[in-house]
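Naming follows writing order (A, B, C, D and E), and every chain is counted from residue 1.
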Amino acid sequence: MDYSIQKFLWTLLGLFIVLNWGFLMGSTMRRIGARLAGRVGVPIYQPWIDMIKMISLRTYLSHGVLYYIGPVFRLVGGIGMFLFMPVLVGSEIWSNYSFSGDLILLLYFQSFGMLGMALGASESGSPNATIGISRGLAQFAAVEVPMTLAVIAIAIQHHTFSFSEILDAQQGGFMNWTLFTNPLASIAGMLAMLGAMSHSPFNLVKAPNEIPIGPPTEYHSSFLSVLRTNSAIIHVVEAALFMNLFFGGADTWFMYIIKTFFVYFISVFIGMVFPRFKIEDSVRWFLKWPTVIGIIAVLVAAYWK
Amino acid sequence: MVGPIYIIAIALGLAFFLGFFGKSLKDVSAFLMLAGLAFMTFISGQWLLAFFNGSVTTQEIFTAGFRPPYSINLRMGYEEAVMTTMINVIGFLGGVYMFKRLKEVGNSAMSVFIVLIMSLNVIVMTRDLFNLFVFVEIGSIATAGMIILEKNSKSLQAGLKYLMATGVISGLLLIGIIFAYYFAGSLNIDGIITAHVGVTKAGAVAVFLIIAVLVLELKPFPANGWGLDVYQSAKPGFGAIVSAATATAGLYVLYKVLPMGGETWYPYIVLIGLITFVGSNLVGTRQKDANRLLGYSSIGQIGLVMTVIGLQPILGSKFSFIAFALLLNHYLAKAGLFWLSGIIKKEKISDWYVLRKNKALLILFVIFIFALIGFPPFPSFFGKYELIMSLVSTENIWIAVLILLGSFAEGIYMFKWLGDVLKDEDQTEESLNISWNKFIPIVIVGVSLLAAGFYSTPYVEGAHYFYFIPLGFIVFMGLIDFLPAYVKNTLSIAGMTYYSYIIYPLVEGDLMRTIFFVIFMIGGILTLIVGYNKKGKREGFYPVALMMYAGLATILTSDSMFGFFFGWELMTAGSYFLIIRGKRSKPHAYSYMLFSVAGAYLILLGFAFAYTSAGTQDLIALKDIAVYTTLAYTLLAVGFMTKTASLGLHIWLPGAHGEAESDVSPMVSAILLKAGVFGLMLLFLYMGQQTGETLLFVLGWVGAFTALVGNLAAVFQEDAKRLLAYSSIGQLGYILFAIAMMTQLGWLAGFTYVINHFLFKAILFIVVGGIVVRTGTHNLYQMGGLLKKMPFSFVAVLIGIITLAGIPPLSGFAGKWLFYNAVVLKGWYIQGVIVFFAGSIAFMYAFKLIHSIFLGQLKDNHRNIKELSPAILIPAYILIGGIIYFSAYPQNVLEPIGNMLSAYFPATVDWSGDGLATTVLSYWNGNAVLIIIVTTFILVLAYLKLITGKTTKLEQFNIAYSAERPFRPETTHVSYNMFAGLNKAIGFLIAPGITRFWKNISDMVLDLAGFIRRLYSGNGQVYAVHIIIYIVIFYFISLG
Amino acid sequence: MEYIIITIGFALTIFGLYGILSQKNMIKIIIGFSLFTTGINIVMVAIGFIRGGTAPILDEAGKEIGKYVDPLPQALVLTSIVIGLGVTALMLAYVMKLYQDKKSLNINDYKDLKW
Amino acid sequence: MGKKTMIALITLALAFVIYPLYQSYNGSETLKDVGQYYIDNGVEETGAQNLVTSVVVTYRGLDTLGEVTILFLAASVISFFLSFSKNDRIKSRSIRSVTEILTTSTQVLVPMIFMFGVYIFVNGHLTPGGGFQGGAVIASGIILMFLSNPRFKLSHKVIQFVESTSGIVFVLIGAAGALMMDGDFLSNKIPGFGFGEVGSIISAGAIPVIYTFLGLKVGAELSNVLGVFVESQSEK
Amino acid sequence: MLIVLASVLGIASMVGAYFAIHSKSLTVAIIATGVVSLISSILFLLLAAPDVAMTEASIGSALTSAIFFLTLNKIRQTNG
């Protein structure tokens, strides 16, 4: 079989695994959250049911071309992030399309989905969508600062932006993980992750009360299913990104699942403990402590280099 | 040859003869006066020609049949021929101009006028001190008489003040003269020079008195209140004579008499000239009365020429050219301005907008203003350039700095005035009443200015006639300004294409220049295409647009610093006019000009340092500047940064770009700003990493903060074009940061940004500009929902903002990728993070732009709006083609640039054949990314299509919002204060501190001017006291 | 003697100048100018004086003494006196005209043009 | 410190500035070169006994030309003023009573004064005095006429004619020198004007002629200035 | 002898100048100016300058004073 087709199929498989794992992880987290709050919570299979329900709806209401294309952008953004990141350490077939770009590409590709989402939601003409987007963008910009600092600290430390090289450097025991070799950068990065995941306390973007469901206010049926698909993928992929950066990556699917669950759990757990921030507060917060830690991390890394 | 003595004979004979004529023969006598003036002009002119051809040598004219020192002698040399010709020409033209008024007052007025001109001739020619005194007195009395041609109390007062001042002055002159005779035994200037009377204390005092008085005749600041009153109250027609002819004579006398005191006096003249030039121009900044303002300017310019006279020993062989260029420039321009004032008949400069009623006069006005400030192609430009070069190369840096300061102060009020003229609301219906006798002299001096500039060329190292080719075309375009816009547009495009074809060989071998060539010329042609969209004649647009492009082309092709500077100033002038065409552009064009002029002066100083150390005008001189190295490079960098609008120097840009016409914004934003980048790149390449270490480090930080502040300000903009304008500031900040790194990656990133910014900013400004015209509003929150009306525009803007935000797969990401690598390799981490933060913010305003215009609810008043015209979309889509190509095949562009750069920096990035770029840190494959994303996109789209049935299109207001359907688009279009949260969090960063800073500075300058000008109390006696104090202080400085 | 005269000349010059600068009445100022120029004229003639010289008229009387003063400064002073008259007349004409305007001879009242 | 004190101080400062000139003056025993040249050659070259005259008219003739021009200018400029207030001029002057003695003596004196003036400038090259002095004397005669006869009106036409003619003649004689004498303006060696015998009226080349016209011109100009002043008395 | 004369004239001219500048009455001031002028013409005679003396007496003293008086008269007229 041609290499590229082979590659394509393996990637498709990976995507499928990640998607389902994302659904599972999401419902698990909801259950854990419910238990903590003394409720029973949704069944584990709820996401699949939701998906089937949404796809089988028969009313497809559209506000226009962009409204239609917005979710596509969004999902391409999520899938793209998956594609440009290796899944398993040292595995050729599970390295996806990470040969075409590295960490920098990934960081910037995040915006691709956001842009599409933003465009699509905006076209609906619902003011809630715009409000949500404007908040999201502001928070995203602030989160980028500690994130960038963390990435640069790592790049200085390992002298590379390449995932595979960063991962290689972290192999051979957990003491080689960036978490321990470069704790400051890890803290900055993890704090940034809280914002990137848009969980409480940084979830004003999709604030359930003020605005029904955030930017995708107007989305429903198959459009919403695409968005849900994306959010399942993106949660896993975001978690995998931080896993790769700070937790030594995964060399088997099992480790992949364990670690991504763990990383994701951290963010959810913190969200359950803290109340929600106003957007200006969260912007200030990210530009304060995580940024300071990030700067120290970069300076330390530069010094040790 | 008619002897010069006949100038006297004719003038006096005629003056006396006119007494025979009664009132009935006024016409005859007026024509006789003109004939007399013409004949005087003829006499001096033929001598000038003869000297020019070299057919005569300096002639001594003896009177009474005896030789000096026993009798009075006159001299007619080359210099005298030039000066008398200047005086007589202005006398003749002035006579033509004041023809009617002189006739009204009568024969005596004509006699006085012709005697005045004659006396100035003699002042120039005479070699006898006492004779000089007599004719100076004649000049004074005639001037006092001519002042009251304007019959009012003010002019009478001015006349009396003038008489008092000159009375005191001439008394002191007499004391000086008689003692010079006492010590030297001669009244002949040459005799006194050879007698060296200055060696004794008393002799020195005598010489001092003579020189001081001659200086005072030139109305030095601040002992010149009486002179200013003359300028203000006299007929402008006569103001021209005082400013042009009297000053010429006075300056020549000073030049002639100075050797009497020997070398030691020159520095004091320099000092006096400088104080006058700077002080007078400074005080002028507060002036609102046109004629008095011209007075301040005149005195300032005379101070400048005085400075040059004082610099004679320093300037050496260049003295003649510099002095003459500056004098001639002042002479022509000031005469023209005064004469214009006589036509306008408005006291307040803010009332001069009536000038717009007559295009020819308006153009002449512009010519005079630009000539005064020293823009090319006028003689003052050449003169000032040479002056600064010579001064700096002889270590007289402070003099150069002060001269530039004075010029700048002059610019402050001149451009204020120009702005008022060009833009002020027209409040009257009255039309200009122009008689031919007033019009023609102005045209003559205006054309002479242009000609004089042309003929200055051979005197300046590095200047070529070549630079005048585009100017010729511009003049041609100006002449055919009456044609409809599309004809002129076609001609302009053809002209630019042809000129590009001509100059392409000049840039061909140099990749950097080629890139900028594409941006300047091809970009220029594309932005001109947009002009087909405009209806009507578009009067005045094409000459100035072409002027800007001519300047850019000259910058690109010149191999000398002079040529570069020539192009730079030409471009500044052209862009100024382009910018000021916008509806509310007046204050912005004004601040643009001030920053540009200041920046240009810094560049000039920097060039002068380079010239000093290399001794050549070749651009290569910028390499290894040996004197004041850091200072020189800093000056140059800051100078270029005024054009790139770096933080601190950026306050002109938002207004200038935002308020400009729809197709001008892309010209000045996408193209013009790159001139500054070109300058910086050139500079950095010549400077090198080693020399500029600290400077580059600082510039890196400046670039980073510029990016942050520019982008942040853009986020909070509600005005579509201002948003783009602030975005330009931010983008230029990236570029500055990138090239300040001085690594191959940094420069590659810089070039990528240059190319990208050119492409996307041109697209955005073209399209958004078109939309602004269509919707009739700049405000984003008044637009919305236009996607359905303007899909093509939307796609263009979308591609523009994706590139802007650096989102893969479009070429914007190439810049980001290179940036990351460069930052980490360079080690500028923190600055880098600021830049990346700025990048995230860029994404926010990009979204705001596209959202507010195209998405959300369509406004009721835009329901019938149409898609933009093809004239706008075609250039935009051509540029989009550029973006797509650059995105798909970045290596095709970046690899050659990288190779070129490896000549200067160690190569750090490799390209493999299939588009993979690698550095030691990172890798990126543009082609692959594009393919992967496009494929995924198609697949996902297909999937969505698959799971989605037939969609129903919803009505506009069919949304869920507050449990109701909204019915007003305004209530549901969220655009105003869109990023309120961010604003609360970090909005303080863009508090207008810098604007306030510059505002405070300008207030300080104006306050200072206001304080100084209290000296001019209006009391003639106080002015006399000033004169005495001036003499005393001058004495203590020079001899005390 | 010539020392005394030149002293008078300088004193008149300075005194006249003081008058010009200090008096508020415009007529007085012009009187100051008159004194000023007179003083200068005296100085000029004194410069040309030769001890024991006679007027530079070479008639019989003059030839007997055979020593003449310098004719040149005298010629200059002639010119200067006439110029002084012209200037004085002109100034007075201005003052006369200004007076018609504002009915004041005080120079402080004529400050319409300033700054 | 009062304002006057300050001005006094400033004036004294100027006195201090020119004090070195005063200090350096130590009289003269001998003539300067130029002065000596005039004494030695003046009579021979110009034919005039009065060397001040020969300097004024010949050696420094250009100054003198300028000088009459200044008077001319002053008269012209002052006549501007007149032209300003033409409209509100009262036709006749208020008539003051004049004593018989003055009237009569004027009738006798004025011709004598005129004669004296003419005498002064005609003899300018021989004795002290010349065109300026003579002109001034004529002008004082005119004053007398104004004083004695309130109805006396200066004929501007006559004065203008005298002034212009004499001015033009002055310039023409000067130009004649330039045309005929190898380009030397205001030379007194013009063919047709003999040098004559030193000391007689008809001598010294063009000097007496020039001085005569100069006197006429100065007289006319001064009269003109005075006339304007006098006439201004009758303005409203 | 001449020195004494010159000194006396000098003192006289100073007094005249003082009156010319400081006199309250303009008439007195103008007369004082004329006197100073006349004194100066005597000084010119002392300096062997009869030409200058004549000119000063006729122009500097007589005519100038006349013009002054005419002006003064005119001003008084305007006033009254």
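Here is the rule we use: contacts are C-beta pairs under 8 Å (C-beta built on N, C-alpha and C of every residue); 3 or more make two chains touch, one makes a residue touch a chain.
It should be emphasised that the depicted structure is a prediction, and the values quoted were computed from it without experimental measurement.
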item	value
Mutual neighbours - chains that touch chain C and chain E alike	D
Contact-graph distance - origin chain C, target chain D	1
Most distant chain from chain B by Cα centroid	E
Geometric centre distance via CA averages, chain E-chain A, whole Å	106
Centroid distance [mean C-alpha coordinates] between chain E and chain B, Å	59
Chain A-chain C separation of Cα centroids, rounded to whole Å	99
Inter-centroid spacing, chain E versus chain D (mean Cα positions, whole Å)	19
Shared-contact residues (touching 2 or more other chains) in chain A	none
Junction residues of chain E - those touching two or more other chains	49-52, 55, 59, 63, 67, 71, 74
Shared interface positions of chain D, touching two or more other chains	7, 10-11, 14, 18, 25, 32, 34, 38, 50, 52, 59-60, 63, 66-67, 70, 73-74, 77, 81, 84, 128, 132, 222, 225, 229, 232
Contacting chain pairs - touch in the sense defined above	A-B, B-C, B-D, C-D, C-E, D-E
In the complex with chain C, residue positions of chain D that touch it	3-4, 7-8, 10-12, 14-15, 18, 22, 25, 27-32, 34-35, 38-39, 42-43, 49-52, 54-56, 59-60, 63-64, 66-67, 70-71, 73-74, 77-78, 81, 84, 126-128, 132, 199, 218, 222, 225, 228-229, 232
Interface residues, chain E side, partner chain C - complex	2-3, 6-7, 9-10, 13-14, 17-18, 20-21, 26, 29-30, 33, 36-37, 40, 43-44, 46-52, 55-56, 59-60, 63-64, 67-68, 71-72, 74-75, 78-79
Chain E contact footprint on chain C (complex, rising order)	1-2, 4-5, 7-8, 11-12, 15-16, 18-19, 22-23, 25, 27-28, 30-32, 34-35, 38, 41-42, 45-46, 48-49, 53-57, 68-69, 74, 77-78, 81-82, 84-85, 88-89, 92-93, 95-96, 99-100, 103, 105
Contact set on chain E toward chain D in their complex	49-55, 58-59, 62-63, 66-67, 70-71, 73-74, 77
Chain C - residues contacting chain D, complex	2-3, 6-7, 10, 14, 17-18, 21-22, 46-51, 55-59, 68, 70-72, 74-76, 78-79, 81-83, 85-87, 89-90, 92-93, 96-97
